[in-house]
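Here chain A shows up in two complexes: once beside chain B, once beside chain C.
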Partner chain A sequence: MHKQGYWGYIFTLPFIVNLLVFVLFPIVFSAYIAFTQWDLFNAPRWVGLDNWIQTLTDPPFWISIRNVMVFSLIFVPLQTVFAFIIAYLLNQSIRGKSLFRLFYFMPVVTPWIAGGILWVWLYNYRFGLINWTLDSIGITPIHWLDNKHWWVVIASVAIANVWKGIGSSMILLLAGMQNVPKEMLEAAAIDGASRWVRLTRIIFPLVSPMVYMVMILSTIASFQAFDVFLGMFGSITAGIPEQHMVTNLIIYRDAFLFFKMGPASAMAWLLFVIILSITLFQRYFEKRWVHYD
Partner chain B sequence: MKNKAKVVMMMSLSAVLLSACTLSNSGSGSAPGGSGDGETVRITLGLPGGYDVTNKEIIDGFIAAHPNIEVDIQEAPWGDFTNRIATQIAGNTMPDLWFQENAVILGYGQRGVAEDLAPYIERDLTTDDYIDTLFAAQTPEGQVWGVPHGANPIALAYNKTIFEEGGVALPTDEWTFENLIEAAKQLTQTDANGNTEVFGFIGSSSITQGWFPWIKQAGGMVLDETLTESRFDDPNTIAGLQQLRDGIADGYFMDGDSITAYGGELPAFGSGKSAMFFLQYSTQVTMNNDFPDTDWDVVKIPRSVDGERYVPTVSNSWLISSRASQEAKDASWEFLKYYLGDEAQAILAESGSALPVKQSALALLEDSQTKPANKLAFTDGIAEGGVTLDENASWNEWRIAVQQIVNEIVKGNVTPEAGALDIHKRVQDILDSQS
Partner chain C sequence: MTEKPTLLKQVIVYTLLTIGAFMMAFPFVWMLSTSLKTLGAVSQLPPQLIPNPVQWANYETVWNRVDFGRYTFNSVLIVTIDLIGTLVSCAFVAFGLAMFNFKLRKVLYLAMLATLMLPFQVTLIPSYFIWKSFGMLNSYYPLLIPSFLGGAFGIFLMHQFFKSLPRELYEAAVIDGCNPLGIFWKIYMPLCRPALSALGVFTFIGAWNNTVGPLIYLQDRELYTLPLALLYLKSDTQINTALLMAAAVIVTLPVVAVYLVAQKQFVQGIASTGLKG
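Let's turn to the complex of A and B:
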């Protein structure tokens, strides 16, 4: 090996050690403890497939998967569409553009502990602004976060999550739009293309890789939803109804409140497989609408 | 060769850096010889909530009185501490001595993390000097996994002004829950549009101030005496939940939306939005600080249908790590003896943050000048009917399972009967899985 090669290894050694110790080891270790009974305090005991069978036959796990899927189905399209529209509008020549960008990005840097309080207030059945508005225009107020129908609750949380996440998606799409050659748009305009045609035939195809990335990132984030649900419902110990639980909350609860590391690890791996499958599914359809040329 | 030496050096440096990132368990690092021969012993003391929860005067007093014991304090906000402690135990870097919720301590005991304090208590304490809460962390088998940091019973707090304006007689220690419900109906005030301005009582959905006392007063049970069987299928248990739900549904108990709007249960009571409230002893400090002008007092929790009194009492418990060295265990027990002694218990009584468990310190409360005037409602209440929240090693797990469904019951999304039967099945499954 060349002398230069040694130096390369030496300089990357801290990162390699970090990767091995804090990333690779926990992944391998969690795969191991998924086959054991381990309470954190005593030595793990091998139980074979028990944790996997228990998880796969546990109704609350499937309820949580159903919830993250519905959450994702509402959150991802809403966030992508609204982020695209806002990015498009903010890419125009308008006054106070920077100020608008700042406003839309502010929720991203707002912690969920504060965002949760805000949205819990907005959704309050008796005193919330949303129900007050509905009531004042003659619409019956809605139980947003304590509805009998679980999907209303999940949709309410998804909408709050759109508010929080739209800023970062908007920034990505805006960056993509700013790379669209002005000459191309001007040439299309001279040839008589309307705004709609320029948007759908030029801007969207050119920005489609960014849209695709936003969708992938949003999907992964939605399946990993955790803090948004804690922000909206308070702590796990306060008793978030099972019908509103998501998988990451159950994993955290089982691991660190109930000290059941084995089932929690099995659940985490199953969630990983589901996220991977959905990402591959999205990738399968990528070629049909994403343009890299 | 020279390059290989550099690689080895860099790897060694990385290893040193990594090891520096981990915490060390100072408890096992006590000086040989222990405290008995005058050498210094070092212990690590975990204080969740820091000095907001544990009086600094007590810690300082212990340090001053025990020059041969060095105390390293690990303090952190409550949530941070409790989130971290499990991983500290897993990594064997936990303090030698700390406190947490009593139910959590019971779980630690079952998993071999806590030292059995029964022999220490038998050797060094006169148990008659203490109230029964001293043994809150005792198992049916006789192990004692911790001793109380303090006791927190509940009492019925009432707003005198609202009672006087409503022309309703003030509560007494002889009240039953029926009296409470009737008074709540009479004291609920609505405006011209039918919106409630003052509620009679706060319909808490929490265990201590909500479903547990409501179940007990109706003659129901949560678990049986052995703490291994669910009793949520008991008709009296369901009746208790039904009464709590009825109060909220009929509008004389404050509902969850209103509690949120008023900033929580205590602010709702303190600001005069509710006439009555089950107040936990420790919250009197906040009540007096935040609402000094509110005219209020307490009486004992009303009697149940069978004439008995059940006073739910929450306690946090100190535990000594079973993995600490013997010297550190002995030094930690010295701290607990000091904590349970007259001087420290008097400081605890003075602070108002929890009831002391030593009888002599409880007597000091009679001379207290702070509100509530009738502190005997807590001390006599706990003596007459103090009960734990049916805590066992799986309490954290079954309590959350119950809470999930009770939240739906109080909102009216599930009927008390259907909800209780669902709870019964889940709780029994959890209890069975532990046995």
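Let's turn to the complex of A and C:
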């Protein structure tokens, strides 16, 4: 046998370097910077808790947290419910499954900047296809992305995000459904269980761990939203109004446009803590409805 | 399913699925349609589905105006190097984790899993500082070098695959006098082609669509990638919707083409790892 230790370190050396340089050092350094005033060029100056207090007392951070929260409250349930329905329909014995799957998945691979351009055009108040459709069935056109209510704007972005992300949730749920034992469903059918009963009493409980995972993943993704808002609003020169900002965009702006590394780092950590708490919170309720064997 | 669904139920299932697929695909049709319209036709009501006249010149205009040739070259270059780096380094590290017993193995494995959960915004500023200290800002190094150091997701995927292969394979190769490097390259790499192709498709799409990295590290216009060029084009007030849409098609087309060719690996990769692309 070869020398196990020796070869083990040779093979994992690239990743060890990666961990030390691009994971461990950044974590420690970022924690330090969060307590300093630093513009990236001059030496960092220790300011104690100033950045944290400033971030927590200034409105922009809380506005951005409010926005990602509303964003995820609209996006996560919509995406999960529709992804579940599509997965359930695709799991029936039908033809053309892979063709359908192809359509549902195409937006997932589209770059958000291109998707953003497209959706801004669809949402256009005067010439957009969505308002034209509404108008032709007798509904008053809506100001989507240029609405004076912030929550309509955030909801519009969330809907576009459902279009973009539903495919990946659907694939995961479909994989879960294909693992439900056929014999179990057959036995239930023989015993006279209707489709609805089989769906709610057998399929859903067995797929619930996957549903849970899909919800956790999309919640985390929506709190970390960056590309979607950049794609929808992003004109780098003009800037995005504070009312519609999300946390990661503020971090990016403060750090790389305003060179305020201290507050940006503090905000990055606060966002991480919020995401972690929400994940743990969801875990707490997991026991109530998720079934494991 | 057990019983064959009745005709009515089949009709319902097909109808619902078709409506859904239509809603997913129609924005793409609209993007294509708008990209071929004249300036007048873009803002015409009711909107034309099939542009009349078809303005192919939009593509030519926007291609020349933004130097898309250059940006396509940049994107292809970055994605190719990233792809090679990621595939080789992830397989290499995963092989080490899966095949050898050494002191730090457990620690490294756990560290890899923890890295999967680490949010990018926390490490963003320090990473920028590192590249600045190396004098490598405004170059492709910050985008490319990390891909040669093994990413947590790729290592995880390859590790799962190596673990599924029989241990005897390795032992037989040792008896035949192969050293571990040879075993990795000549025996295991060819064997893990399915896992590599799944990882390859993920990496391609992630690298092609990457916005944050190029946005932060690249300043010179000649260095831009396609999504970044598109982002800047969007801020250009002189550009009209049809041209912008043609540019969006140019940026989207390659990645959709790769997806269509490799969709099986991609879908299987997502389902087997449980991770999002």
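Please note the rule applied: the second predicted complex is superposed on the first by the 286 of 293 C-alpha atoms of A that agree within 3 Å, B and C clash if a C-alpha of one lies under 4 Å from a C-alpha of the other, contacts with A are read in each partner's own complex, and residues count from 1 in each chain.
What we mean here is this: a residue touches a chain if its C-beta (ideal position, glycine included) is under 8 Å from a C-beta of that chain, and two chains touch if they have at least 3 such contacts.
For clarity, every value in this text was computed on a predicted model and none was experimentally measured.
A.B. asks: In the superposed model built on chain A, check whether chain B and chain C fit or clash.
C.D. replies: On the shared chain A, the partners clash.
A.B. asks: Does chain A have more residues touched by chain B or by chain C?
C.D. replies: After superposing on chain A, more of chain A is contacted by C.
A.B. asks: By the touch definition at the top of the document, which applies to A:V290: first (chain B), second (chain C), both, or neither?
C.D. replies: In the superposition, A:V290 touches no partner, neither chain B nor chain C.
A.B. asks: With the two complexes superposed on chain A, say which partner A:F256 touches: chain B (first), chain C (second), both, or neither.
C.D. replies: both
A.B. asks: Check the residue A:K148 against both partner chains and state whether it touches chain B (first), chain C (second), both, or neither.
C.D. replies: A:K148 sits against chain B, while chain C stays out of touch.
A.B. asks: Counting only touches as set out at the top, which of chain B and chain C does A:I274 meet: first, second, both, neither?
C.D. replies: Touch partners of A:I274: none, neither chain B nor chain C.
A.B. asks: After superposition on the shared chain, which partner residues are touched by A:V17: those of chain B (first), chain C (second), both, or neither?
C.D. replies: The answer is both, since A:V17 touches chain B and chain C.
A.B. asks: Per the contact definition in the header, classify A:I216: touching chain B only (first), chain C only (second), both, or neither.
C.D. replies: neither
A.B. asks: So in the superposed three-chain picture, is A:A264 touching just chain B, just chain C, both, or none of them (first/second/both/neither)?
C.D. replies: Touch partner of A:A264: chain C, not chain B.
A.B. asks: Just chain B (first), just chain C (second), both, or neither: which does A:E242 touch?
C.D. replies: A:E242 sits against chain B, while chain C stays out of touch.
A.B. asks: Please indicate which partner A:L199 is in contact with in the superposed arrangement: first for chain B, second for chain C, both, or neither.
C.D. replies: neither
A.B. asks: After superposing on chain A, check 1-9, 37-45, 55-63 or 73-81 and name the one in chain B that bumps into chain C.
C.D. replies: Among 1-9, 37-45, 55-63 or 73-81, only one stretch of chain B overlaps chain C, namely 73-81.
A.B. asks: Mind sorting out which residues of chain A both chain B and chain C touch, each in its own complex?
C.D. replies: Of chain A, residues 9-10, 14, 17, 21, 40, 121, 126-127, 236-238, 256 contact chain B in one complex and chain C in the other.
A.B. asks: Can you list the chain A residues touching chain C in their complex?
C.D. replies: Result: residues 1-2, 4-5, 7-12, 14-19, 21-23, 25-27, 29-30, 33, 40, 82, 85-86, 89-94, 98, 100-114, 116-119, 121-122, 126-127, 129, 132, 136, 163, 165-168, 171-172, 174-175, 182, 185-186, 189, 213, 217, 221, 224, 226-227, 230-231, 234-238, 248, 251-252, 255-256, 261, 264-265, 268-269, 271-272, 275 of chain A touch chain C.
A.B. asks: Using the touch rule from the top, collect the residues of chain C that touch chain A in their complex.
C.D. replies: 1-5, 10, 13-14, 16-17, 20-21, 23-25, 27-28, 30-31, 34, 42-43, 45-47, 89, 92-93, 95-97, 99-105, 108, 111-112, 115, 118-130, 132, 146, 148-150, 155, 174, 179-180, 184, 205, 208-209, 211-212, 215-216, 226-228, 230-232, 234-235, 241, 244-245, 247-249, 251-252, 255-256, 258-260, 263, 266-267, 270-272, 274-277
A.B. asks: Which positions of chain A touch chain B when the two form their complex?
C.D. replies: 3, 6, 9-10, 13-14, 17, 21, 39-42, 120-121, 124-127, 143, 146-148, 236-242, 253, 256-259
A.B. asks: Quick check on the complex: what are the chain B residues that touch chain A?
C.D. replies: Per the touch definition, chain B meets chain A at residues 3, 6-7, 10-11, 14, 17-18, 83, 86-87, 89-90, 107-108, 111-113, 205, 255-258, 260-261, 396-397, 399-400, 402-408, 411, 413.
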